[in-house]
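A short write-up of the structure that comes next.
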Amino acid sequence: MLERLENLSALYANPHRFMKLAARLHAPVWSVALVVLALGLFMVSGVPDDYQQGATVRIMFVHVPAAWMALFAYSFIFFASLVAVVLRHPLGYLAARAAAPVGAVFTLVALVTGALWGQPMWGTWWVWDARLTSVLVLLFIYLGYIALWEAIDDYGRAARATSILAFVGFVNVPIVKFSVDWWNTLHQPASVSRFARPALHADFLYPLLVMGVAFLFLFLAITLTRLQMEVLRQRLRVRQSEI
Amino acid sequence: MVKTENFSYTPAVFPAAADTKNQVSLRVENLACARGLRVVFADLNFTLAGGGVLHVSGANGAGKTSLLRMICGLLAPAAGTISLSDSTPLAPQCHYHGHADGLKNTLTPRETIFYENRFSTSQEPSAAEDLLVLAGLRKQADQRVSTLSAGQRRRLALARLLAAPRRLWLLDEPYTALDAAGRDLVDTLVRRQAEAGGLVVLAAHEPVPLADNHLELDA
Amino acid sequence: MSGRHILQALFARELRLVLRGGHLMPVIAFVFICVMLMPFGLGPELSLLQRLAPGLLWVIMLMAILLSLDRMFQADFEDGGLDQLMLLPVALEGAIMAKISAHFVGILMPVLATMPLAGLLLNIRPDTVMPMLAALLAGAPALVMLGAIGAALAVGVRRAGLLTVLIVTPLYVPVIVFGAGALARSLAAPGTLDVAAIAVLGLISAASIFLAPPAIAAALRAGLR
């Protein structure tokens, strides 16, 4: 019995197998992320200027993948929380916690690059465009999630509370998207130019996809490192509580 | 001064202790409690038969409150099981009387008992007036709970135990802030509950003569 | 007695607590303070205020609800009432609904009732008052249920109020979008009711009445120590 209990807390503090795996994955994931990022940036530098947007079109190669990652990271948090709750595996909570600030930064990058792109295009830094507004709401969802983690001292309670918020937020995201789209058509009949998406020329498409893959691996690499840190922090807690 | 001699209230009768066929007992198996990552206690086993009174003692931090809260489902055990021998759900059959009493300052004692009476699934309408007499709060029955003294509050919280009869009482330091008469009240209530075939788990630092079982938690 | 009687008694007790707690007056005062600040911030031009009134009232209503929800579970958490709530012989979700309903009846209905008066001060067009009330009434249950999720998650946290606002505001976006949208259409075509938008609001409210209680119950259980 006591042995089982030790296993339980060991799972919290010492996921040996995970740490071994993480140590093995660490270098490859970071290498892929950096190599693909370098390749992507090289391809982007070769993209011809847009006949309308000029050189500013290149912001899109950061903006769009960042927005993808903003959504991907939130889905990651949701599924990690789901795994933690359903399989009662504490690693899921740690993974969700590790991913949150990374996702928030991608969201912020998407917003800032959106504003940078909008300045020359729309003549103003910020437009209440449906897509930008949804991403702004997503940023606040991230901030609320991170704030809840920080606000609760007890690790177990914080993990359970934040997982509930992750579920609620996950349901909320598509509803926000739908409602903001509706709101946008109400106030701005589709005259505002947006990022031209569907008729993307192959010259633009391939660099964009490569940048997307680069950002995905960047997200995975940073999250992996942060997750290793979280596990170490848990170990430290155990050591401290044993003293 | 608490007068209990005029007290006419009879609590609900649970399957009596003497009736061994119908006896419902509380069983705790391999229970473990972890606070954060620290193991407070582990491998706790005991059975409390119907009509039994268990006195839990132990130093501060030994897990007395945690044990009581686990039994009524307010705290998740790190391991182990807690069950009644008739396999009915525990939580709705528990009264938890803890440090934070859950009394509402803006209600009066009479209203408090009135609502507690209605928070019960039993058909028996209990006599609110009798409970107020029992708690020695007849004079204060219609003033707000916020104006009561600490001891009077404790007695009101105790009266609540009878307002809605439940099988299992979990009393965390019930003697705190009570004078001699108040401590007698606790003993009277516990004895009645035990005689009715109910179960009492009582955490206290002082010896409890009326307890027939004792559990010492080591820090 | 059955579970329904227990819930009725709980509702009655919570309503009494809400009414005695003195929570109503400050919330109504908050509404009118916000209304008073608007002409200072935007200028007293009546035609401008008239145009902005429905949207402003939605935002004010939303903030008022958030403010009033702050203490909903916190007081119970601090005085041990939450323990007693969990041990009631009814489902925790039911007890939560009883509490929220008492809050709705005791605070939000009166606040809603003051909205036409607040609208009057902002020179709202008389024929938009009814559509505004209809939209507020359709959306208010969603605001309360979603707000209660935030209040339950932040239970036991220092400075829970600010955290609740941060958690809940993103959840409120769809409600305010459709709420203010319904009013915008009524404003464009005077005297009409934007049935579609109000139906969507009602749908969001109904969905949150079904989906929020389990989330609130889970949050409260997670907050136990």
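We call the chains A, B and C, going by the order they appear; numbering starts again at 1 in every chain.
Here is the rule we use: a residue touches a chain if its C-beta (ideal position, glycine included) is under 8 Å from a C-beta of that chain, and two chains touch if they have at least 3 such contacts.
Note that this is a predicted model, so its numbers are computed, not measured.
Visitor: Based on the averaged CA atom positions, which chain is farthest from chain C?
Guide: Relative to chain C, the chain whose C-alpha centre sits farthest away is B.
Visitor: Which chain is most central here if centres come from C-alpha coordinates alone?
Guide: Per-chain C-alpha centroids compared to the overall one single out C.
Visitor: With centres defined as the mean C-alpha position, give me the chain A-chain C separation in Å.
Guide: 31
Visitor: For chain A and chain B, what's the span in angstrom between their mean Cα positions?
Guide: Each chain's C-alpha centroid was found; their separation is 49 Å.
Visitor: Take the average of all CA coordinates in chain B, do the same for chain C, and state the distance between these two points in whole angstrom.
Guide: 37
Visitor: Among the residues of chain C, which ones contact at least 2 other chains?
Guide: 225
Visitor: Could you say which residues in chain A touch two or more other chains, in rising order?
Guide: If we look for residues of chain A contacting two or more partner chains, we find 154.
Visitor: Across the complex, what residues on chain C touch chain A?
Guide: That would be residues 149, 153-154, 156-160, 163, 166-167, 169-171, 173-174, 177-178, 181, 184-185, 204, 211, 215, 218-219, 221-223, 225 of chain C.
Visitor: Using the touch rule from the top, collect the residues of chain A that touch chain C in their complex.
Guide: By the definition above, chain A touches chain C via 137-138, 140-141, 143-144, 147-148, 151-152, 154, 157, 160-161, 164-165, 167-169, 171-172, 175-176, 178-180, 182-183, 186-187.
Visitor: For the complex, which residues does chain B have touching chain C?
Guide: Answer in residue numbers: 69, 72-75, 91-96, 98-107, 111, 115, 118-123.
Visitor: Tell me, which parts of chain C touch chain B in their complex?
Guide: 1-3, 5-6, 8-10, 12-13, 16-17, 20-21, 76, 78-84, 86-90, 224-225
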